[in-house]
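Letters A, B and C mark the chains in the order given here, with residues in each chain numbered from 1 onward.
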Amino acid sequence: MTERTETPDGTRGEPGEGSVTDVASLPGGVPAAVEAVLLVVEEPVTEMQLATALEVPVQQVQEALAELMAEYDGYTGQGPEPGPTRRRGIELRNVAGGWRFYTRSEFAAVVGRFVLDGQSARLSQAALETLAVIAYRQPVSRSRVSAIRGVNVDSVVRTLVQRGLVADVATDPETGAVLYGTTPLFLERLGIGTVADLPKLSPHLPGLENLQDFDHTTY
Amino acid sequence: MTERTETPDGTRGEPGEGSVTDVASLPGGVPAAVEAVLLVVEEPVTEMQLATALEVPVQQVQEALAELMAEYDGYTGQGPEPGPTRRRGIELRNVAGGWRFYTRSEFAAVVGRFVLDGQSARLSQAALETLAVIAYRQPVSRSRVSAIRGVNVDSVVRTLVQRGLVADVATDPETGAVLYGTTPLFLERLGIGTVADLPKLSPHLPGLENLQDFDHTTY
Amino acid sequence: MGQDAHDDGGAPLALPEPEKAGRFEVRLDNFNGPFDLLLSLISKHELNITEIALAKVTDEFIGYIRAFSAAGDSFSLDEASEFLVIAATLLDLKAARLLPSGEVEDEEDIALLEARDLLFARLLQYKAFKEIARQLGTRLAEEAGRFPREVALEPRLAAMMPELTWRMSPSDFAAIAAKALEPREPAPTEVGIGHLHAPAVSVREQADIIGHRLREQGVLSFRQLTADAGSLVVVVARFLALLEMFRDMVITMDQAAPLGELTVRWSAGERDWSAERISEEYDQDVSPVMDENAEGGVRDRAN
């Protein structure tokens, strides 16, 4: 995320490198751009972050957010005849200084049923092995864990994060990849004090060094 | 832990164990419920899964999806005066056999700044060729892919497996060789529904329909 | 018929293209294998895939292989083998074009025709996949601009997840880690060495095996000598071993027809011969690379 254009006043500094085309001119304009960002953010996103990314004045972001919130709540401020429309299953809320999408509480039962379907109170073997690799190789990127395990681990890592056993603890300075490590909850579950208390593995797991090579193969 | 009793109007009494209130009667109805579920999915969700979670007939889910897709694309089928509305920054797509929300590609530059870990490196030429052979010849062994490309493909296949684009799907009953095929993630990344939607290979293979026979004779 | 061996090509082999050729950089990783190289050469000369095209680019193709082998390090055994197979076929085809044509009667001619057709077929097939791969690449790149939602559950929903009943002793957990971190064996039936820095198969060892068998049996076909090879790499290693042994004049080889059965005969009698002496050049290629690994060469690249 570049900090480049913190121009909340609308003078929109020189776009240059990696610049965004004028979002207001794209179909859907600023509200659509805000919507797109909101779909992918993990944490509530601030108006300033949005303004910076979109390279538009904060005020435009605020207007877009207000418009979106009304729309999602079932009021349209648009068109010749503003009036109620269908209320959406998605809610746009301002929490802790930032904005994020939530499911509407009326649908909690439906959504909960969907989310819980197939969830178990136990970790799968794949999850355990992935957890073990992260514990012993932390901080470690998902691609590295994939290389070690030989399979894609994206969804398993997400589960472990969800379960609070691992968390993103750093960012690889070179690649920008998220690095994962274990959490205090993990230590608590295992009944140890620190990561250093993990039992030592045989120091000569053959060929372990070579595994690092897989991450950056040219393919 | 259940939010179940947040019935908006209070009239809807005790929902028995695990049961969901009639979603069609909630504000926003079936489309809103579908929207809410789509907000939490981690992979494309099938119409059947949605129907099960919502406890409504599949047909209602299909209608709701069609309606939502049109709305997100900027057409409203609702209200007394159907007509174009603002196109949204979110797109509802039917890929890999299911439905999922995506950001619109116009906003790739803006959204990319917020997606830290999701941007996977582009595939090399070697990886693309190997992926193509696997996609069109699946299930297929590595040696057969090697024969077609004229080079050893072991490490490329390993990379593709790690990235979740191919997986071992079977074992050759005769040779015991692992057979590879493409994954749903591959379909999703290509934005297609099934392998049958891949562009046809035949225009590129004039008069060579029986080539399969040649593959094994290489070495 | 008759005398003219060039009835469809005039004097095509003499076309000058020195500066054009210079534009190709001689690096193996520019090409995805022999077909890729061959297609590049054919398209450079704006030719279709025909017999003429193959005859015409044969010399260049072989020139590149020479340059690759001279460049050394990146030209590993299994890569080399396929290049060599194709180079050999090309040479055969070119040689056949230089001879008076007409009688496609004997088995050699038929074998050559088959080899040519097979090469055409494989080349065209590869070309098709190469084109499709480019389309897939374009499509993937376009789709990469769309991001799916991939975020953690909102807290209210996360709280609904069943509580984890995960209990495990540290040593149980360590056992899982040890297993997960263990380098996995390559899947059966195929041995990949592309990722290794040292060949997994030693030519010296293979020569030793061959030497023993030939001393015992006297005469064996190449097929028999490689029947238990298990992987292409071993076959190639055994073939290289045979070449070395031939140079050492401990065997003779006989092949009745191109692509025919290769018969290998032990010719050194009871003479004292050891596989030890033939393998120096392979060892020399290998050991510096391994040292580099030991010094952390791999790590440097990975980090």
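Everything below uses one rule, namely that a contact is a pair of C-beta atoms (placed from the backbone, for glycine too) under 8 Å apart; a residue touches a chain by one contact, two chains touch by 3 or more.
Only a predicted model underlies this, so the values are computations on that prediction, with no experimental measurement involved.
*Asks:* Looking at the contacts, which chains touch chain A and chain C alike?
*Replies:* Neighbours common to chain A and chain C are B.
*Asks:* By mean C-alpha position, what chain is farthest away from chain A?
*Replies:* Here the answer is chain C, farthest from chain A.
*Asks:* Could you say which chain's mean Cα position falls nearest to the mean Cα position of the entire protein shown?
*Replies:* That would be B.
*Asks:* Taking each chain's centre as its mean C-alpha position, how far apart are chain A and chain C in Å?
*Replies:* Whole-Å distance between the two chain centres: 43.
*Asks:* Distance from the CA centroid of chain B to that of chain C, rounded to the nearest Å?
*Replies:* 36
*Asks:* Mind checking the centre-to-centre distance between chain A and chain B? Centres are C-alpha means, answer in whole Å.
*Replies:* Roughly 19 Å, centre to centre.
*Asks:* Would you please write down the residue numbers of chain C that are in contact with two or more other chains?
*Replies:* In chain C, residues 147, 149-150, 153-154, 156-157, 160, 195 touch at least two other chains, as defined above.
*Asks:* Out of chain B, which residues touch more than one other chain, so two or more?
*Replies:* Within chain B, the residues that touch at least two other chains are 2-3, 39-42, 101-104, 111, 115, 118, 123, 126, 155, 158.
*Asks:* Inside the complex, what are the residues of chain C that reach chain B?
*Replies:* For chain C paired with chain B, touching residues are 32-36, 78-79, 81-82, 85-86, 118, 121-122, 124-137, 139-150, 153-154, 156-157, 159-160, 186-190, 192-195, 232, 235.
*Asks:* If you look only at chain C, which of its residues touch chain A in the complex?
*Replies:* 29, 147, 149-154, 156-158, 160-171, 173-174, 176-184, 195, 293, 298-299, 301-303
*Asks:* Which residues of chain B touch chain A in the complex?
*Replies:* 2-4, 6, 8, 15, 18, 20-21, 23, 26-29, 31-43, 49, 52-54, 74, 76, 78-79, 81, 85-90, 101-104, 106-107, 109-111, 113-118, 123-124, 126-127, 155-156, 158-164, 167, 185
*Asks:* Going by the contact rule at the top, pick out the chain B residues touching chain C in the complex.
*Replies:* Answer in residue numbers: 1-3, 39-42, 91, 93, 100-105, 108, 111-112, 115, 118-119, 122-123, 125-126, 128-129, 131-133, 135-136, 141-143, 147-152, 154-155, 158, 168, 175-178, 188-191, 199, 201, 204-206, 208, 211, 214, 217-219.
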